[in-house]
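Each of the next two complexes has chain A plus one other chain: chain B in the first, chain C in the second.
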Partner chain A sequence: MSALTFTLKAPLQQRVDVSPLTPDQLADKSVAEIAAITLVSGRQQLRVDQVFDISGDDANDIIFAQASRKLDYIGQKMNGGRITINGGAGSYLGLQMRKGEIVLNGDADAFAASGMAGGTLHINGSVGDFLAAALPGDRKGMKGGVVIITGNAGERAGDQMRRGIILIEGNVGAYCASRMLAGTIGVLGTVGDYLGYGMRRGTLLLTQEPKLHATLQDCGTHTLPFLSLMFKSFANFPSKFASLKQNRVQRYAGDIANDGKGEILVLK
Partner chain B sequence: MIINGVTIDDTFAEAFGMRGTRVIITAQNLRWAYNAARAMTGFATSVIACGVEAGIERELSPEETPDGRPGVSILMFAMSSAVLIKQLETRMGQCVLTCPTAAAFSGIDEGYAEITKINLGKNLRFFGDGFQTSKLFNGKRYWRVPVMDGEFLTEESTGMIRSVGGGNFLILAESQPQALAACEAAIDAMSKVPNVIMPFPGGVVRSGSKVGSKYKALIASTNDAFCPTLKGITKTELSPEIESVMEIVIDGLTDPDIRVAMRVGIAAACELGAKNGIKRISAGNYGGKLGPYHFKLREIMA
Partner chain C sequence: MLIKLTGGRVYDPAHQIDGKVMDIYVRDGRIVERPSDAEPIDQEYDLRGKVVMSGAIDMHTHIGGGKVNIARLMLPEDHRAHPSQHTDACRSGCGHAAPSTLTTGYRYAEMGYTAGFEPALSPVNARQSHLEMCDTPIIDKGGYAMIGSDDYFLRMLAAKKDQNAINDYVAWILHATQAIGIKVVNPGGINAFKFNQRALNLDEENVHYQVTPREVLQSLTRAVYELGIAHPLHVHGNNLGVPGNVETTLKTMGAVEGYPVHLTHIQFHSYGTEGDRKFSSGAAAIAEALNKHKNVSADVGQILFGQTVTASGDNMRQYANSGHGSPRKSVLMDIECDSGCGVVPFKYKDQNFVNALQWAIGLEIFLLSEDPWRIFLTTDHPNGAPFTSYPHLIRLLMDKSFRNDMFTKLNLDAQAMSTLNSIEREYSLYEIAIMTRAGAAKLVGLHDRGHLGVGAGADITVYTDNPDREAMFAKPDYVFKDGQLVVRNGEVVKVTWGSTHTVKPDFDKAIEKDLKQYFDRYHTMNMENFKVNAAELEEDGRGNVIVQECKGRREKTA
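Right after this comes the complex of A and B.
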């Protein structure tokens, strides 16, 4: 069995919703059946084989080749298996994903990992705004799982995040961890203004001293034992975070305008 | 059966089913890990009045502990899950939560047929008065409770399994110092065996008991058949040359663990042999009617 591969036939003019193409939905389907699945693209309905060349047969290991940033909802509600995307991904990558693994070699647009509840999302590239954030109208963003990003993330990363771990090796835009409910976000690069705006609980781990707004309060420098456990849990991740060791941090708590039980830890 | 001049009685130790758990306690250094562990396993010699039987199983190197600090593992046994759960919680709260730099982690996660999750730090978190936070790593939930020395870190739960308590053997010697020396040798050897503890002071008990008493209020009383000073006035089990008897009681996670510990302990005592005054090895039982586990001495030493 070789990986079930969807190769984009031609550059897309219009966005395409590829949410039907997940391992659990394609399991037990023949190539002909897969080719006949309809994908929504704006006002149009397209057959899969109108958009992609299909090869391979292992639905548990799906590859999107020459993928473009017009492919939305990749891995939506995915419940197992593995999706590899070479090229780029549109918005809502891994939306409400529950299990399995997505690897993106390229950049993604907004709302990646939104509502994600489990599994791992590994992006070798950068993402747009609202990473792991709640969809408009939702009360919670990411609810579990692990997101690793080697590049940068846009604004509002982790907005209303509830649980899980996000590790960003690059820089993050403004309002990082805004209205965060719980969980862990690590950033090795710089963070924009108003990080932790309205943050209720959760941990934001930084390596560089950030610019803080008035309702984040300094709690001093500490050696926190839980960091050893956390770094140990990172040790197997394919990420620069795997090599973090020292657990001495400056601890800022907040946002005291909104309960104030969150923390921003800056490695010393 | 005679080993190095020591007679091994044709009898058996009678043991009972218990509920057991393991907790890993770490601290900044071994001194403070031991301080917490000793407090937590203090006053835990016998379920008769202590609720649980507990002891330190072994020392753990930093590589073996979840948080990379030195630690010790402790085992705790009770006659029912309700008592074990209650005792674990109160002892955690008074002995580990209170001990500077100490942290507690689950010691049983896998490897046994039936593992019941029980609270380790789950309710201690409320000591944090709303400032407590939880973290979930690799599917395990931990609690961080702000305390005056920094943060108390504890895993939310640990595993409880069906285990065995009350494995035992008696060392009969020509004098008290010789009996004690044999017990010390046995305990030194047995403390290297994993999955067992010897809950009595220093691992040794001198007040072996029989069921019942002439006093109605007491359910157990001194085992006069093995009391050397009563040789002439009671139905004794002792021959004239025996002047002192001591018992080693063993609780273990499984039946085979106790067998290994008994074998190692009896062998160590026998090594001193008849020339050092060790005359007999026996065991305590209730005629086989009460406990489902029978550890036959001659079978174990065969």
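Right after this comes the complex of A and C.
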């Protein structure tokens, strides 16, 4: 069996919702059935074979080849299996994903990993705003799983995040971890303004000293043994975070304007 | 254009027609006498073997106004999860518990409903409510103006103003808001909440005005009666959802001293305090009292399981319920110091003891109430369930074995507290037609709707008889609105824009002198701007205001 591969036929003019193309929804479907699935694109409905060349037969291992940033909702509500995307992904990558693995070799737009509850999302590239954030009106962003990003993330990364781990090797924009409820976000690069704005609980792990707003409080320098355990859990990740060792940190608490049980740990 | 509907089995309770095979003729949107044989029929529909009723009327459904919009705003997930695609006839839309205006109209029409009445039209929000309803296609609509907790009225009561003055104010409100009835929500309670009272019983005074809910009910039921408005005072009682509120509800029936009154979503007001969990069914007592008090009518406000949103003017009770929200969010607000608003999303679960018993209580009330002319089929959309679940509810009423199957799936403790599966009654098609057509039209005061007699508006629904009543009522073969075919095989084929029904009783215009002073001194807007003009509803060519007949002012009764 070879990976079920969707190769984009031509550059897209209009965004396409590819949420029906996940391993669990395509399991046990013949190529002809898959080709006949309709995808919504603006006010049009397109057959899968109008958009993609289809090859391979293993629905548990899906590849999007020559993918573009006009493909939205890749891996939505995915419940197992693996999706590899070569090229780029649109918005809502891995929306409400529950299990399985998504690997993106390229950049993604807004709301990647939003409402994600489990599984891993590995992005070899950068993402737009609202990484792992709650959709407008929702009360919770990411609820579990692991997100690893080798590039940068935009604004509002981890907004209302509830659980899970996000590891960003590059920089993040403003309002990172805003209204965060719980979970862990690590950033190796720089962070923007208003870090942890309205943060309630949760942990931010940084390597560079951030600019803090008024309601985050310095709690001094500490040696935290739990960090050794956490770094051990990172050891198998294909990420620069796997090589973190030291557990001496400057600790800030906040946002004291909203409960203030969150912590920002800056490695010394 | 002359249309003939040939050979359908007609259920028209207003004319005591119970399943008689007959022809109906429609000309220019009205039902007409059989024309002379010489006259050519322009269009004929062969309805032999089909069931024919007038278009259904939902006499209590929250489809427009501030709180509905807040519910929409607060529940983007409801919209995301339920998109509806555009078709050749319809535009796209969204929503399940709080659907968009367009979707609301389409879905109602697709179930054979041709009218819906917004029961909580806050006078200060009347313009917004009406404009939203005017954007709701196909169905007719109207609103009940919500007073009883407004400052001007409570001042009048506190000052012991003459009943005639109160009647004039009520009539002025009806004119100013283009409403067809008057509603009171948690009489005096919305206001008492603002003075930090968190509960208000029937004889408990509002701490600021020293006015009791009983006085509010008495003056308003009397005003509505004396003005000759067809729709009795529409009452959402005190203590909604509180265990033991069955006592309050029974007292409320007595408090109106024989004046006509309509108790809305009575299921939420029929709870006892028996059993280990101090929550039990008061349905038997409520049904018995309903059977006895001929001046009282009620709609049930049945709950059905699933996700919905509760939207009410009763900020006192919604504040108390806000912690139960699912998803956990809520909006509670004051509206221009004159009314309130509480919106709390809610998920009813069949394995939850309280929810399961609520379900059973609603059905018990339906089945134990003897007179279908005084009990109405509602879910208090969206509070008990979205209106799209009506076909399911009709099946529960008409099919005992289906009902008992559903009952046995409920929370076991709730089953033990209910007598539902020992009730044998099944509603007939004739009784369903009373509840959802003839009775509702009579109650609201729609003289040319809800029946199929000569002169009536040609709002007609045609079903295929099917022992599965849910399937039957979900997908009518044809729906005609004002003589135009709008739905075929359960799908909208033509979009029309319905009318707004109002009532305009006479009153002494001199009251505006005092009202103007009050508006100038206290109100957030000018009195002239407060008044909604019929032309505003009609100006884009979609709306049409119909003034339903009023019986005329009755003499002072005491």
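As a convention for this text, the second predicted complex is superposed on the first by the 268 of 268 C-alpha atoms of A that agree within 3 Å, B and C clash if a C-alpha of one lies under 4 Å from a C-alpha of the other, contacts with A are read in each partner's own complex, and residues count from 1 in each chain.
Just so it is clear, a contact is a pair of C-beta atoms (placed from the backbone, for glycine too) under 8 Å apart; a residue touches a chain by one contact, two chains touch by 3 or more.
Everything numeric in this text was worked out from a predicted model, so none of it was measured.
Enquirer: Superposed on chain A, are chain B and chain C clashing or fitting side by side?
Expert: Fit - chain B and chain C, as placed by superposing on chain A, sit side by side.
Enquirer: How many degrees apart are chain B and chain C as seen from chain A, counting from C-alpha centres and rounding to the nearest 10?
Expert: 100
Enquirer: Once the shared chain is lined up, is A:43 touching chain B (first), chain C (second), both, or neither of them?
Expert: In the superposition, A:43 contacts chain C only.
Enquirer: After the superposition on A, what does A:178 contact: first (chain B), second (chain C), both or neither?
Expert: Neither partner.
Enquirer: With the two structures laid over each other on chain A, which partner does A:139 touch: chain B (first), chain C (second), both, or neither?
Expert: The answer is second: A:139 touches chain C but not chain B.
Enquirer: Of the two partners chain B and chain C, which one touches more residues belonging to chain A?
Expert: Tallying touched residues of chain A, the top partner is B.
Enquirer: Please work out how little space separates the C-alpha atoms of chain B and chain C at their nearest point after superposition, in whole Å.
Expert: 21
Enquirer: Can you name the residues of chain C that touch chain A in the complex?
Expert: 74-77, 80, 86, 327-329
Enquirer: Spell out the residues on chain B that touch chain A in their complex, using ranges where they run on.
Expert: Interface residues on chain B, with respect to chain A: 66-69, 101, 103, 130-131, 133-138, 142, 144, 150-151, 153.
Enquirer: Residues of chain A touching chain B in their complex?
Expert: The contact residues of chain A facing chain B are 163, 182, 184, 201, 203, 222-226, 228-230, 232-233, 261, 263.
Enquirer: Spell out the part of chain A that touches chain C in their complex, as residue ranges.
Expert: Those in contact with chain C are residues 43, 135-139.
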